[in-house]
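Chain naming follows the written order as A, B, C and D, and within any one chain the residues start at number 1.
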Amino acid sequence: MIRTDALVLSNTAVAGDIFLLRLRAPEIARDAAPGQFVEVRCGSTLAPLLRRPISIHRIGPRAAGYAPDEIALVIRVIGEGSRLLSRLREGDTLDLLGPLGRGFRLFPGTRRVLLVAGGLGLAPLVALADEAIAHEVNVVLLGGAETACRILPPQYLPPEVEYQVCTEDGSLGACGMVTNLCPPYLEWADQVFVCGPEAMLPPVVDQLRALAQGGRRLPVQVSLEARMACGMGVCLSCVVETRHGLKRVCRDGPVFDLTEVRVW
Amino acid sequence: MIRTDALVLSNTAVAGDIFLLRLRAPEIARDAAPGQFVEVRCGSTLAPLLRRPISIHRIGPRAAGYAPDEIALVIRVIGEGSRLLSRLREGDTLDLLGPLGRGFRLFPGTRRVLLVAGGLGLAPLVALADEAIAHEVNVVLLGGAETACRILPPQYLPPEVEYQVCTEDGSLGACGMVTNLCPPYLEWADQVFVCGPEAMLPPVVDQLRALAQGGRRLPVQVSLEARMACGMGVCLSCVVETRHGLKRVCRDGPVFDLTEVRVW
Amino acid sequence: MSLAVDLAPGREPGLRLRNPVMVASGTFGYGTEYAGLVDIQRLGAIVCKGTTLRPRRGNPTPRTAETPAGLLNSIGLQNIGVRALVREKAPIWAKWSVPVLVNIAGESTEEYAEIARILDEAPGVAGIEVNVSCPNVAAGGMTCGVDPVLAAEVTAAVREATTLPVMVKLTPNVTDIVSIAEAVVGAGADALSLVNTFVGMIIDINTKKPLLGAVTGGLSGPAIRPIALRMVYEVAQAVPVPVVGVGGITDTVSALQFLMAGAAAIQVGTATFVDPNTAADIIDGLGDWLEREGISDIREIVGAALPKDA
Amino acid sequence: MSLAVDLAPGREPGLRLRNPVMVASGTFGYGTEYAGLVDIQRLGAIVCKGTTLRPRRGNPTPRTAETPAGLLNSIGLQNIGVRALVREKAPIWAKWSVPVLVNIAGESTEEYAEIARILDEAPGVAGIEVNVSCPNVAAGGMTCGVDPVLAAEVTAAVREATTLPVMVKLTPNVTDIVSIAEAVVGAGADALSLVNTFVGMIIDINTKKPLLGAVTGGLSGPAIRPIALRMVYEVAQAVPVPVVGVGGITDTVSALQFLMAGAAAIQVGTATFVDPNTAADIIDGLGDWLEREGISDIREIVGAALPKDA
């Protein structure tokens, strides 16, 4: 893990208020694993003060035309920090700290993965899809958001991914929560990865409980969000209750086995 | 006086850490007079917080290839605010409040003006030179700075101006303080305008005193600097002692008759 | 939809504002300076510059310095004195529809009372804001705002000297702002405003000296917002009179935070220097927000974030 | 050129730092977390996380929120307890060349003394920083740091219980920090550090509730710098022991301001989160600055901005 000034290679508005940043960051590209994140300095001044945690979205996937020293981030404009990031231009530099945290663990025997994304939870799952595809694992990615302009268009995903989308307002794909799309794929998958708002977990847990009653216990990993200050495991801002006591999302996570953080 | 979002037309590094910003700001170009300033918002975040007072350097001088709705500013990088301004790019907008303050008063009968600039005190004097030239007044501009890279190159001045420079380290022009260059021109000029650090005033006052003993009382106007918060005459941050009590540099100035602020 | 509030409901005829957005003392002059740029008649109220019995020259320069997201000032109450104010400024205000409060500072309890008496007869003055908290004046100012007994004494004397609505402005430079608030309300304040500035300083490392001519100054601006908000939250739970929130308010979101913390109204100070239209923008923003939320009266959200049992 | 300072000159063997740049409690964990990123052995000293007698779970989440140029935290002293610290952390520190101070917080005077006694026997502990000022713990914490008598009592008890250098960390949430400082020094503190965080809050206007799980939190970061600097300036003039300046230090310029205000050393807190190398950069920056100024010993500039007659 290092601090580095990454070079902005491009910044593309990909949908509504969502931006795709391609960066040259050789050390981070070399060391990063899907599910890890970087802490990004959003400007050079003292406000906004703190770095923002941002998931690593792509780790130099050759198939998508990336160089091996590149990474990508996707940013949704929420407040001041993300607004500044959305205005970066080619040739700017971006102060990164990373890669941070523990990423997703794709098991050696896995052949079929289900990725379930709520909103920008999609960001780190695409890096995982890249890795899965490189290992010839089949990938289904379910993506949900409030409305169409918050959905990442399919051309930004590896073509091998089966991409199903839904929106809460029905403006794109099925109407409703992304977790509604899960049931058939839960039967199919060897491993499940979930990333998105907390509210996604209860329905997923319910579905898994039903499956478990049928004797099927699927390994599910979930990436959590939390308010962070240091991102380094120091400040104890980002703790979450787990089966083994309080854990730090930034260092012990953000990816946890679902069994660690929820019971069913 | 208005608040407006000016369009950055160009930003040129003209010397060392000095930048020339050309802006489209129609209302300000229409209303401004030489010696007035604008209050500039240096970024969109809460740090740096306050606007920075910046002199209006050019007011759409046609002869210099400006459109009538353009103004120019020159910025020297000192701290955070000026650093942000120096990074503006074509197409950016800049939040301005102005024109503010009372500018230079060129008397109708004046035929020969002497402009004495210390450092970036040169900025507003060039707007005055433009006006003087438009009125067929002869202009001598004496410019001094610590060192060569802080001197505005002559191509950024109207060609009609007789431009003499000096540096404290002798790296360009004569070696020494700009006020050393004054004496011959004090004999020649009808009106004198001074802008620069406080330290310039005592030698100027001494020279004027000598002249006055010879019976010659030259009208001298001086533009003062002061720490400002509001720039609008409200906060009473920028007061200066004058013959008529405390005056606000931002509203009652920045240009004062030298007799108002100094005795000789 | 109603944005109106009354800051002196216990006193006839009250201190009715058409909206809860005021501009803070020392940051809006006498109201006339910004008139060309801002539609001042739209404001909830204007609080004029701190005013003393006799004219004051104020402190040596430099008087201001910027800090991270903050402003230090040590103006030191330069002002024309209350008699010139009554003569030259109040007649202008008398023609305005926006209420103007006069912020007053004395060097003794008697001085506070005398200023209040002089203002009592002035048309154009809608109320008095008693600055018991100015950190810049050695005599009076600081000492009285940090002591519940002295603060109450000054409040009682002003209360006695005038029939105008009396709002007392508290200093945040204290261990327990609630005890001061309670004392001042006990002594007859119709409303409280808080906070004034925090005593701070900055050193110029080149000269190796304090940068401000007066050594220390008062810190204002967004930097102090979280502390000011906490104090409003505490005081609003403790006193039965309207509380006016001041400190680092820059936009509708921060204004709403103070209202939800229990402020009946807010004041915009330093932010006006950054954008003269801040107060007007907040008035618009509050209206829009109420509409989006389907709330018909701004008073419904005052104190919304306070503990429910309070 | 010498950057060395001694924070306990009155006590053998002192508390010698090779440079005056420390990292603040709660912002550098147990020193091990940043080891991969920062050359921690270069630091003047490390102050570890606030430590209590028994392990603590801390406060509910959310525990932090950003404010303009500031950070609110309400971690609530989550920590492993002093016994685990002595068992698991101190042995690591014993191998380090950088001194480590343990920041302690008790719920009663006896608890403070007991923690100090336990630390007294631990190799690897260079000194104790007594947190009489944590605003997050209802019992102990706040109440004792704002009262000179209680603060002195705690100091005396800790002083009694250990032979280690004792530094007392003051809260800024008081009317008169000098009186607390004097009381604590009178009770035997070898040094003072100031300031801890300012009590503040933030309200989430969407939920209409305080954003932090604990309602209020402590404000740190550049926002508080001018207030912290003023307090250091006041205290350094009043007490004969070394003062350590803390609060919003982000770079060499701000570090120099605290040294010139009379701080013998400084601590970097929140800025480490923004740039983990801040403290190391300041060490380099101070060296460069001394060289440029032709000053051979950092102690020459300590207090340079204080009034000359003080």
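Quick note on the criterion: a contact is a pair of C-beta atoms (placed from the backbone, for glycine too) under 8 Å apart; a residue touches a chain by one contact, two chains touch by 3 or more.
Since we're looking at a predicted model, the values are computed, not measured.
K.L.:
Identify the chains adjacent to both subunit A and subunit D in the sense defined at the top.
P.N.:
Intersection of subunit A and subunit D contact lists gives B, C.
K.L.:
Hey, which pair has more contacts between C-betas, B-C or B-D?
P.N.:
Of B-C and B-D, more C-beta pairs in contact link B-C.
K.L.:
Where centres are the averaged C-alpha coordinates, which chain has the largest centre distance to subunit D?
P.N.:
Relative to subunit D, the chain whose C-alpha centre sits farthest away is B.
K.L.:
How many Å are there between the centre of subunit C and the centre of subunit D, using C-alpha atoms for each centre?
P.N.:
34
K.L.:
Averaged over CA atoms, how far is the centre of subunit A from the centre of subunit B? Could you give it in whole Å?
P.N.:
The computed centroid separation for subunit A versus subunit B comes out at 53 Å.
K.L.:
How many Å are there between the centre of subunit B and the centre of subunit D, using C-alpha atoms for each centre?
P.N.:
So the centre of subunit B lies 47 Å away from the centre of subunit D.
K.L.:
Touching at least two other chains at once: which residues of subunit A meet that condition?
P.N.:
46-48
K.L.:
Where does subunit D touch two or more other chains at once, residue-wise?
P.N.:
Residues 68-70, 221-222.
K.L.:
Indicate which of the five shapes (line, ring, star, complete, other) describes how the chains touch one another.
P.N.:
Drawn as a graph, the chains make a fully connected set, so complete.
K.L.:
Looking at the complex, which residues from subunit B come into contact with subunit D?
P.N.:
46-47
K.L.:
If you look only at subunit C, which of its residues touch subunit B in the complex?
P.N.:
For this pair, the touching residues of subunit C are 26-29, 33-34, 36-37, 57-58, 61-66, 68-71, 73, 75, 78, 221-222, 250, 270, 272-277.
K.L.:
Okay, in this complex, where on subunit C does subunit D touch?
P.N.:
67-70, 72, 146, 173-175, 198-203, 205, 208-210, 216, 219, 221-227, 229-230, 233, 248, 253, 256-257, 260-261, 301, 304-305
K.L.:
What part of subunit D is in contact with subunit B in the complex they form?
P.N.:
68-69, 222
K.L.:
Touching residues of subunit A toward subunit B in the complex: what are they?
P.N.:
Per the touch definition, subunit A meets subunit B at residues 43, 45-48, 80, 84, 89.
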